[in-house]
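Input: structures, listed below.
After this come two complexes, each holding chain A, first together with chain B and then together with chain C.
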Partner chain A sequence: MSAVTGTRVRRPDRATASWRWSDRLGLGLAWLLGLLFCAIAAAIVVYFLLEGIRYLRPSLLVTNPAAASSESQTGGFLDPLLGTLIIGTMSMAIAVPVGVGIAVWLSEFGRPTALARVAESAIEMMAGEPSVVLALFGLSLFGLGALGFLSQTTNGVVLGQSFFAAAALLSLVGLPLVVASTREGLQAIPSHVREASYAVGKTKIATTRRVLLPAARPSVITGTMLGLGRVISDTAIVLLLLGGTLTFQAANSTPLLGLLRGTGDTLTGYIYYNAPTGDGNQPSKAYAAAFVLMLFVLALNLGVDFVVSRSRKAITWK
Partner chain B sequence: MEMRKPPPVRRLSGSELPSLAASNGNGHHSGTVISAPRPPSARDTAVAIDRMDVEELSVAYGTKPAVKAVSLPIRQGEVLALIGPSGCGKTTLLRSLNRLTELTRGASLSGRIALDGVDIATMDPTALRRRVTMVFQQPNPFPMSVFDNVAYVLREQAKRRPRRAAVRGEVHDALARAGLLDEVADNLDHPALRLSGGQQQRLCIARALAANPEVLLLDEPCSALDPISTKLIEDLIIKLRDDVAVVIVTHNLQQAHRVADYVAFMYLGELVEYGSARRMFGSPREQRTKEYVSGAFG
Partner chain C sequence: MSEDYFLEPDGDHEFLEGNRGLSQDQRAELGLGALVFVVVALLVAMLVFVLHEAWPSFAHNGLGWFAGGGSLDQQIEAIFNSGELKTAPVYTFHAWPLIWSTILITVGAVVIAFVTSLFVAVFIVEFAPGWLRRILEPVVRLLASVPSVIYGLAGVLVIVPLIGNHLITQSEKAAVTPTIQLSGASLLAAVLILTVMIAPIMIAVFADGLQAVPRGWLEGSLALGINEWRTFWKVAVRTARPVLIAGTVLATARALGEAIMVSMVSGGVPFTPNPVDGLIFFFEPSQPLAATIIRNSAEGLSSPPMKHTLYAIAAVLLFSSAMLSVIGWAAKQPMRRYGVTP
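Here is the complex of A and B:
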């Protein structure tokens, strides 16, 4: 910086001195609202942080919910915690490949145009669908006799509740975020990069696999994390389609399949049950579980920020 | 590579040698570090081989004509520069040489382009594009390592990917031909997008050379680069012309003057004049060429 003495540099914040009073009022309001929202977000985090530290004991993470009259005997939330992990993994295992496929098709092929339009609005509609409505649909779908192998059948009636059913419907909750983010990532790749691949004799498939998808990988990861955040925070589908049974109720004794065909719970279902207005009414357990869930979601959001900021530097064309 | 019928060979006479003395390099470029570095003896030994033949080529986007009935030869041993103001169709002409135009919706093409006597319309586009490769205006390495950028071209699709060791020699070779090997030899595994703009563009040239093409198309390859990188690439183009037919689209008349042996001047989709660089810059026949090369418009 040049050291010019005696010259007052006009700093940007001084610029408001010449503003009209209405503009200054607007600026003040904008600041006030911005700070208000920061305060609300901070209040939620701090509140659950304090409650979480107060109530979260390591034993809660390794014991299962149990029926008892005293709160000290009702156990922890091991199964709901595992349930959240299982549901998250299963849902994204469906949503990511399907979502990436749809995004590639919409962005790179998009023919026939009419079908692409329809697919686009279908995904938008799915993103706006209340998850309880999806859950209701899922119940009737997985209650069909033909899909009985994915849940349990008692006296010839298909229950329609299982990890498979819940994960299938929750993948629809995560799907739109994966599609939107991947598509955005693909569209951000300049067309001359595609042409550079065609111009050395590569097919569209090879270009998509070897150039476009690697270039869009940060967007795929971002979409996956955002989708996962949605999936693990959903409650309605868990209660209706997973049973909300607090502990795993395996359909039979087959090691993994029996568990996945059976019912269970996730952290959200556990919180719902133990909330002061819920059937369990054990607020201390609910706060502890909510704290753990909040940590998951915060970690996912921080992960998104990290991936986005890193990829912005790594994958850009001059 | 399969055998082809031997191409017609002809020697250029020494009088067609574009000399430095004929330079009319006016404007801000004169007196800078960029000088015409061509060794005057290079032309005497050069052999020109006909590679491509463009006959009555017309290209239109929808109803808008972009190239109108252009005919010209493309020869190995020479650098052909396509010059002309923006929107004159020179990039479209270049992109029809490797059938990239057909990727644009609504583009239609008539006329004939032959590569070593074979109509390119009858060829498989991926096979054609391995023989006629292209470098773009913006450096566009793929988001992978320097090594993989070149190896990507060598790995044919639909077959098992060859091991790294199997393509190492060819990768090094291509990088060396593009004059980049010495700079990147120690970090072949670094992401290509971390290279400088000039290095990226030479990597793109290496990539285009890795397929061992007969024709190299360059679409304003230096317009995004600094003068020093530009000079490196221009030197490279001159070195490459003996092994591969080079066609360069450029906005920069001084650049055309520095690198080209033949120049085609296009205006509003038409080929106004085609001739040796010396004649095109020294004594153009057409009035419009005269005005354009003297800077009256464009």
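Here is the complex of A and C:
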């Protein structure tokens, strides 16, 4: 803090006594706001940690939500937890292949240029779209009669709410992150690596598959984790397209397909339902679910850090 | 990869593989191109779907859609009931309270977050001690990825009661009771929590941009005897201006579309906060556009006129965020010209 007060000079060039007052004010503000940010960040993390540990019981993880008035009878959040996992897996199963494909095309082919430009801005736009808008679009898309086999139909009206619908729209939320990260990884590979591969007679697509994509794998993994983080954090699409029904409401008795065609919930939907503004209003359950969700997000963040730091050590192009 | 096009084995393999039509590469290019085309088509389909569904509401109200007038609660009720009771559809809808609330909350949060984030990013990149920087960088990324519903939960359980019980006096509550209730769910709460939510996004983008400024430029300035703060402020921050705009646009898009958190803490009453009210202005509840969709989506979509109205709100959001991404794209161009890629 010597830089702010100027009383204790650490290094000769750090003395601020001779600075103009506006410069000293700026530096002081940077320190003040920087430390304030640290305090707020610490407060948020510690608060959720404490509340989460206070309310999380192992039984919450293995029992299903139930509609009841007293807190002891409303159960836990097994189905929302599984819902988060199902939704995350399904949407990334769509977003990763499509995203990698688009990134490869944009970085390695990209012709006609007009389509490349349009695709770039389309994906950028997709990243900025509010998820409520995507959710409403999804409702009308999956409410079409032709797509009725992906959700439930009652009295000839297609409901448009199912795991398929929610995962499809959530994959659009994750897609831009996968594309951006993969593309960055592909572009970081110097062109002489490609040329070496062409020189030994490999085709372009073989080069991409055998040389470029393996080299860009850390970026693909990073993009996948970032996308997954966004997907499991989303609430609007879950409420509108997954139904937000707390427990799985399978469309029919077909083992897996019936479940995926039915409605359900995720942790975010469960938190929304149990917040004081929601219908459930059980804050302690919401805190516990928020804690579990935060653990997921934290794990994904640590995963990204790990992959990035390892890839920095592993690959150095000369 | 345009500079090495002559080295690409594009299409040169036909004669090697015999005359079997398209080469492997051409097939791959076509396949991937088709994939890209499908995704672009999906986005176009979204625009068409949303605008098509929104059209009845816009067509009926014209520009009056964006104006104020009458009680929005009554309008929504009339629209909803006309669909449920299968009477002649009612579309009269004047969304100004929602738009005004969106503007107030978004602009408020973006302005506060911008100033704070700029200083925090400068602090992290240049002035924080090494150990603190190593802690802060992952923390910023973590806070940027915290789900909005969790911020909403913290807001509704901590910030809203705090405002409701300590900042608003009983006499203030009594003074406005017939019109609105001051529970603490307010403009202030929404702006504060939205600020905390979008600031990490801004800080992350700003810090990346500031780090990309060539070190030599800063050293040149320091060598001229300019002090460290002035050097960083006048050289680095100025060079990174396009990144600052891009980050702000990104965060604005997030703030604009944030429905869940804001619907939890903003009060959920389509009231028009009035700056003339003095200090109470900050404590007045409101309801922005995105939150309106969430609040009414549960039953609203079953009533066709209400559905069209909600799609009209979505169309406005869609258009605004599309405009924002155009601004963001334009802002990034000068930086690329310098050869500095954030």
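Everything below uses one rule, namely that the second predicted complex is superposed on the first by the 295 of 318 C-alpha atoms of A that agree within 3 Å, B and C clash if a C-alpha of one lies under 4 Å from a C-alpha of the other, contacts with A are read in each partner's own complex, and residues count from 1 in each chain.
The rule is simple: contacts are C-beta pairs under 8 Å (C-beta built on N, C-alpha and C of every residue); 3 or more make two chains touch, one makes a residue touch a chain.
A quick note: this is a predicted structure, and the numbers were derived from the prediction, not measured.
Of the two partner chains, chain B is the only one touched by A:Ala314; chain C is not.
Contacts of A:Trp105 after superposition on the shared chain: chain C is touched, whereas chain B is not. Applying the stated contact rule after C-alpha superposition, one finds that A:Ile205 touches each of chain B and chain C.
Of the two partners chain B and chain C, more residues of chain A are touched by C.
Looking at the shared chain after the overlay, A:Ala196 reaches chain B, while chain C stays out of its contact range. By the touch criterion stated above, A:Leu175 is placed in contact with chain C alone, chain B being left untouched. In the superposed model, A:Gly229 makes contact with chain C only, not with chain B. Contacts of A:Ala215 after superposition on the shared chain: chain B is touched, whereas chain C is not.
Overlap of the chain B and chain C interfaces on chain A: residues 195, 198, 201-203, 205-206. Residue ranges of chain C in contact with chain A, taken from their complex: 1, 3-4, 7-10, 13, 23-25, 28-29, 32-33, 35-37, 39-40, 42-43, 45-46, 49-50, 53, 116, 119-120, 122-124, 127-128, 132, 136, 138-143, 145-150, 152-154, 156-158, 196, 199, 203, 227-230, 233, 250, 253, 256-260, 263-264, 268, 290, 293-294, 297, 301, 310-311, 314, 317-318, 321-322, 324-326, 328-329. Residues 190, 192-193, 195-203, 205-206, 210-211, 214-215, 314-318 of chain A are the ones touching chain B in the complex. Taken together, the chain A residues at the contact with chain C in this complex read 3, 13-14, 16, 18-20, 23-24, 26-27, 29-31, 33-34, 36-38, 40-41, 44-45, 47-48, 98, 101-102, 104-109, 111, 115, 118-119, 121-137, 139-141, 172, 175, 191, 194-195, 198, 201-206, 208, 226, 229-230, 232-236, 239-240, 268, 271-272, 275-277, 283, 286-287, 290, 293-294, 297-298, 300-301, 304-305.
For chain B in complex with chain A, the touching residues are 98, 100, 103, 126-130, 133-134, 136-140, 142-144, 152-153, 157, 191, 193-194, 197, 200, 204, 207-208, 210-211, 217, 224.
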